[in-house]
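Below are two complexes that have subunit A in common, paired first with subunit B and then with subunit C.
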Partner chain A sequence: MTRTSIFAKNRGLLITLVLLVLLPFIVGLFDGASPVAVWNNLSGNSKFIQGLAIEIFILALYALSYDVIFGITGLLSFGHSMFFAVGAYLTGIAIKTLDLSLPATFGIVFVASIVQAVLFGLVLPRVRGITFALVTLGIASVFHIVIMSTELGTYTGADVGLQGVIVPEWISPANERLRFYFIALVVLISIYLLYQRFVNSPTGRVCTAIRENESRAQMLGYNTFYFKLAALTLSSFTAALAGFLHTLYQPIVSPNVAGLGFTVTALLIILIGGVGTLQGAFVGAIVYRLLDFGLRRYIGESASFINGAVYVLFVLFIPFGIVGTWRLRSFQIKQGWESLLKAFHPDSHQ
Partner chain B sequence: MTTDIIFETKNLSKHFGALIAVDSVNLKVRKNSLHAIIGPNGAGKTTFFNLLSGNLEPTSGQVIFKGKDITHQPVHRTIHFGIGRSFQITNIFPNLTVFENIRLAAQAMGRDNFKFWQSASRFKNYEARTSEVIEQVGLKNRAYTLARTLPHGDQRKLELGMILAPDPEVLLLDEPTAGMAAEQVPDLIALIQGIQKSGDRTVMLVEHNMNVVMSVSDEITVMHLGKILAEGTPAEIAANKEVQTAYLGGLYDLNV
Partner chain C sequence: MNMLIRKNLVLIITLVVIAFMLGVAAQGMDRQDFVITLLRGLAVGSITFLVASGFSLIFGLLDVLNLAHGTLFMIGAYIGWTVIVRPDTIMDLLTPLALILSGFALGDLYPHLSSRIRLGLRMKRFLPWALGLVSLLVLGFILPRYPIAIWNVENYSQSPVTFSFMASQGTRLPVQPATFTEISPAVALIGLLLASMFGAFGLSLFGKDAQRTVRISWKSFIGFAALLVVALVGFAYNDSLTNALTALNSNWLFLIAVIVAMASGAGLGGLMEATLIRPLYSRPIYQLMLTLGLSAIGIEMVRAVWGRPEFVTPKPDFFNGTGGACPATNFADWWANHCSTILLWEGRVRVYNEIFIPIVGLVVLISIWVLLQRTRLGMIIRAGVQDREMVEALGINVRRVFTMVFALGVGLAALGGVLAAPSTGLSNFMGESLFLNALIALAIGGLTNYPGAALGSVLVGLIQQFIIKYGQIGIPVPFTEIVFKPSPPLVPASTVLLMVIILLILPNGLLGKKE
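Here is the complex of A and B:
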């Protein structure tokens, strides 16, 4: 399959990609900065929007990793933030304490993400449904307590958070932000394409079957454990990758990223965007981050209250999320058109 | 018809606490036969099926399939031995299409389950098998509707298709006509008979509809309170006095 045919099937993705590539330059124009100035990271407004976009990309990556286990495979995990936090903290410790290069750091994060997927996988055959949620919550809580502990303060920064990670100059979010923006964008799009491929592969189809009816999938002859483990591994790797980018981008890694609140963030994002739709992770991340940003700016700290109300409204009135509802509606409209056409040409569809 | 035994249980028992659901059952099923299991409610028929298909672990005893002990095999191995199982309560993937439901059943037999980098639509052999089965169970016009929107009768056919796709030697059908409209029943029975004859298959059937049981079965086993009460041809069973008393109250008229 050639590259062009991937985009031919994803016209929306191609348009999004072009818009996102142009975004920093368009914002720069509004600021009176020429594209050259934007290219040299001289436009303040453009840099600010790029920063917001990078945060959204990282959130989208993280939400995508939750969608593959919750939305596609049907595993409700309350320990998902640990996947992200392991990536984020290991990156910081590897660069700051161990003084490793970026590729070596990424290697460590990659291996660790596989190991923790197997760790979560150990409980998979024993518990299902809400019990799985509680066991994963337990594992993640232990991890949260460990990184908050003062004994490990020299490595993790305890409850202050990990700071002082020196990022190589060529990718520095302060001076080379445009480059960071493009790297984050490429990572997000590549992972999205990988996920789309996974969901439509024989493996991903079985994961969907497990979500629909696990005991039936077993009766069909699938050892469901291996498929759930595959989804967990992919999810763990993606979340750790998001954590890796997070540490490189943020001046300080707050221990909150290991808490239950951050797991709920992933859940909220895909509830807003549409559970099991993949694109929903991206749409949801945009809505979530912009809403949070806008409300905080104009209302202040009490914004969380209104934020919460908005999410309740979402769950009540748009239960399939933005992308899910959109798909449902366009399917219904298509069906409506077909039945209308049939009414006018009764013979053509016999 | 051969007299080979394909399925056999030896002193098979299942206890749920103090309740003895299946009580040392010794059963032999001949190859290529249509073997019905009947009995009043609570006789242990479905539990017995669950023991055969590996959904439940027996308390004691053995399940032997083609001379091989499969008693303690996990449930996902069952279909790989060649045993397909349908359920009393329709058990399908509700939000997937009819095609995908059956395609998943066909895919399970192959070795491509972990090729996560390739699109499932590239494996044409499974799709070909799916089309074949959809045609056979008569759901061709419904192939791309969601399974949950099918009428009940079609859902029963879909489930039949899902256990047919892997081409099993033995089909365990737990009340295939349950909840179906009376006029759809002959259709389904003809389908089941067709499946049995066309593929040299053995069919085991739990069924409450006596008309169906008496007309299609080669052999009938009557269960009562977890034990085998009687075994024989439909004519022998119909004449059996013990069986008639087990069905006290005249719920079923065996002479129909």
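Here is the complex of A and C:
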């Protein structure tokens, strides 16, 4: 594969990347702030947008990690928030209580993510389908309860949440937000590329086969356990990485990130974006975060009512999500667009 | 004999283990503590069972994991509370609800009607949307103007003591009947009826099988007429009915609350299945997500209507007696005085919480079991759990049974909600925690197994209560001087751990069969 073909293949990704790199400066220009001011992290609209974008990147990373086990491998896990929360809490505890440096913290998070994937992997061969969902829900809620318990309050902050994590100055989200923005962007894009590689690799193909029909994959001679474990490990690592970034970015890690609600968030995001389409995680995270943000701002408390309604409407009417529907219908949409340009003609398809 | 033992090995082992654990537990505490904890465990188990059994029936037959079940449990509790505290609102709601439903009762008529009308293709595509829109517009115009007693919910977030005081003083209901001011009653009633008929007609046109010839059954007309009569009676005698309900003895009011909550739960369940879940039978995962979304919506609806304060449903007077003769020392004594507590083996047992609820649980267990084993519907359900397609092939309208089972399951959850409300109180979170319990109970007992649901629920209830009790007493760790006191959050963790362990050993639960 030559270099040009990679660029040609990922043209959309490249355009997105360039847009995202330019985004803080463009927003700054609209706001009347010069690129230099944005570069120097002066407060303004651009900085606010950067913050929102970082949250979206972290959510997208988290949703990507759920997509690889649910959308690609077909494992319905209700304990996914634990992957995220382990990364988030370990980072906080390592920096705050153990006084470790950032690379060492990252190392710990990395090891822990592998260990917990193996822990989930232990139950893999025994249970399938709904039972797997219940067991993972069980493991995760035990973790949630442990985090919330007062016995560990000095480390985890019990039900208040982990706070007071002092982030190194060179990456602090308050003073060096633009740097944080670029780091999060680079992490997200590289993980996305890794995932694309994984999905298109022979291993990823077997994972897709497991989703479609596990017994047939076994019949073909694949030990599906190893493939599921591989997907789980990758997912666990990514979610822990998202948790790592989350702790660095947010001033307080709320115990809600370990609850079932946060798993549902991931489910919602990839449902909006499209299950099993990696780009769906991006699109879904953007839609979800902006919707949530806008609703909370203009409607207030009942925002989660609208969230639930959006969820139900998506399930009923757009089950393949935005990206999935686009892929399925892109030909028809183009055709319809062309005919719309020619003349108004309602019965063009279906 | 040998065969019998081998078949029920797991059950026997479980019972032996439970008996052993109870024996061990009895060593560590006083007899009165033991009795109370046991009864409390059974009570929690019964409420869990009411939720779990409906959930398991639905999952067994329809393969739908109804994650909104806990929310429906909560909605049942809130509806029951409203009936007891503000009967006037319920009476005001009766007429519009009956009118809205009446149009849908004529379900068979609409396909007939549409097969008579010849329409162009474009018109045919357009008509259902237009009808639905008209219906929504009319509803949107009338409903906000329809007089329904609105009241400040915050006033009722009070203890049962002040509540019963208010009731005894006759000041419970400052009844100010809502009246028609903006629209005339005739317009409102006829408008609602027409809106409902338009809506039902529009919905029936969405269906693909609108062309089939249907015989109009007389049943649908009777249903329509009955709903109309209910609506009109509710409208004409609104005030006197409200006064009658307000003046009613609290026992009867509680009974009415139970019935209303169960009926509305069943109605809600049937509606959910027929409109939202039915299109998704080909995509199981999406049903799961749908019910998740519905659960979020339900919680928000409850927050919007009833707000965040926590309430307590007053106990019916039958279980709420006080005075010199209380606590009763035996059941004859209790029957004479209706004491709220009774002395059993030196322990003060609350009659409603710890005796009445387990009895209701047992009654429901037996009646559902009879329904499953001895009736035609139960036979269809059992056959459907085993092989749905075969039952369909035998010419049984499985879809209708689906709706009925869903309604039954949700009705049971609502019953659980009403019964639990006087003992645990109402809050926005009561559904979630109980649903987790029910899920654990089902996973332990076997997801689609009816006796398994009962066994699992009782296990979960007992273990939780005993651990709470030991949390107060403290567990002496062997060979050390340390007394371990598990903090309250560890209670759910213990049952969850039990579930994980049991599922790892027996992936289908204790009584579940291998697929």
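Note that the second predicted complex is superposed on the first by the 324 of 350 C-alpha atoms of A that agree within 3 Å, B and C clash if a C-alpha of one lies under 4 Å from a C-alpha of the other, contacts with A are read in each partner's own complex, and residues count from 1 in each chain.
Throughout what follows, a contact is a pair of C-beta atoms (placed from the backbone, for glycine too) under 8 Å apart; a residue touches a chain by one contact, two chains touch by 3 or more.
Model, not experiment: these values are computed from the prediction.
Colleague: After the overlay on subunit A, what do you see for subunit B versus subunit C, clash or fit?
Modeller: fit
Colleague: Using C-alpha centres only, what angle sits at subunit A with arms pointing to subunit B and subunit C? Round to the nearest 10 degrees.
Modeller: For this superposed arrangement the angle is about 80 degrees.
Colleague: So, A:185: does it touch subunit B (first), subunit C (second), both, or neither?
Modeller: Neither partner.
Colleague: Is it subunit B or subunit C that touches the larger share of residues in subunit A?
Modeller: The partner that reaches more residues of subunit A in the superposed model: C.
Colleague: Taking the superposition as given, does A:145 touch the first partner, subunit B, the second, subunit C, both, or neither?
Modeller: second
Colleague: Can A:283 be said to touch subunit B (first), subunit C (second), both, or neither?
Modeller: Touch status of A:283: no partner.
Colleague: In the superposed arrangement, does A:316 touch subunit B (first), subunit C (second), both or neither?
Modeller: Once the two structures are laid over each other on A, A:316 reaches subunit C alone.
Colleague: Which of the two partners, first being subunit B and second being subunit C, lies in contact with A:308: first, second, both, or neither?
Modeller: A:308: touches subunit C, not subunit B.
Colleague: Between subunit B and subunit C, what is the tightest CA to CA spacing in Å in the combined model?
Modeller: It comes out at 9 Å between the closest C-alpha atoms.
Colleague: Inside the complex, what are the residues of subunit A that reach subunit C?
Modeller: 76, 123, 126-128, 130-131, 134-135, 137-139, 141-142, 145-146, 148-151, 264, 267, 271, 301-302, 304-305, 307-309, 311-312, 315-316, 319, 346-347
Colleague: Give every residue of subunit B touching subunit A within the complex, in rising order.
Modeller: 53, 55, 74-80, 85, 91-96, 100, 103-105, 107-109, 112-121, 123, 162, 166
Colleague: Which subunit A residues qualify as touching subunit B in the complex?
Modeller: 197-198, 200-206, 208-209, 212-213, 215-224, 226-227, 230
Colleague: Note which residues of subunit C are touching subunit A in the complex, please.
Modeller: That would be residues 65, 122, 276, 279-280, 283, 285-286, 288-290, 292-297, 299-301, 303-304, 436, 439-440, 443, 447, 487, 489-490, 492-493, 496-497, 499-500, 503-504, 507-508 of subunit C.
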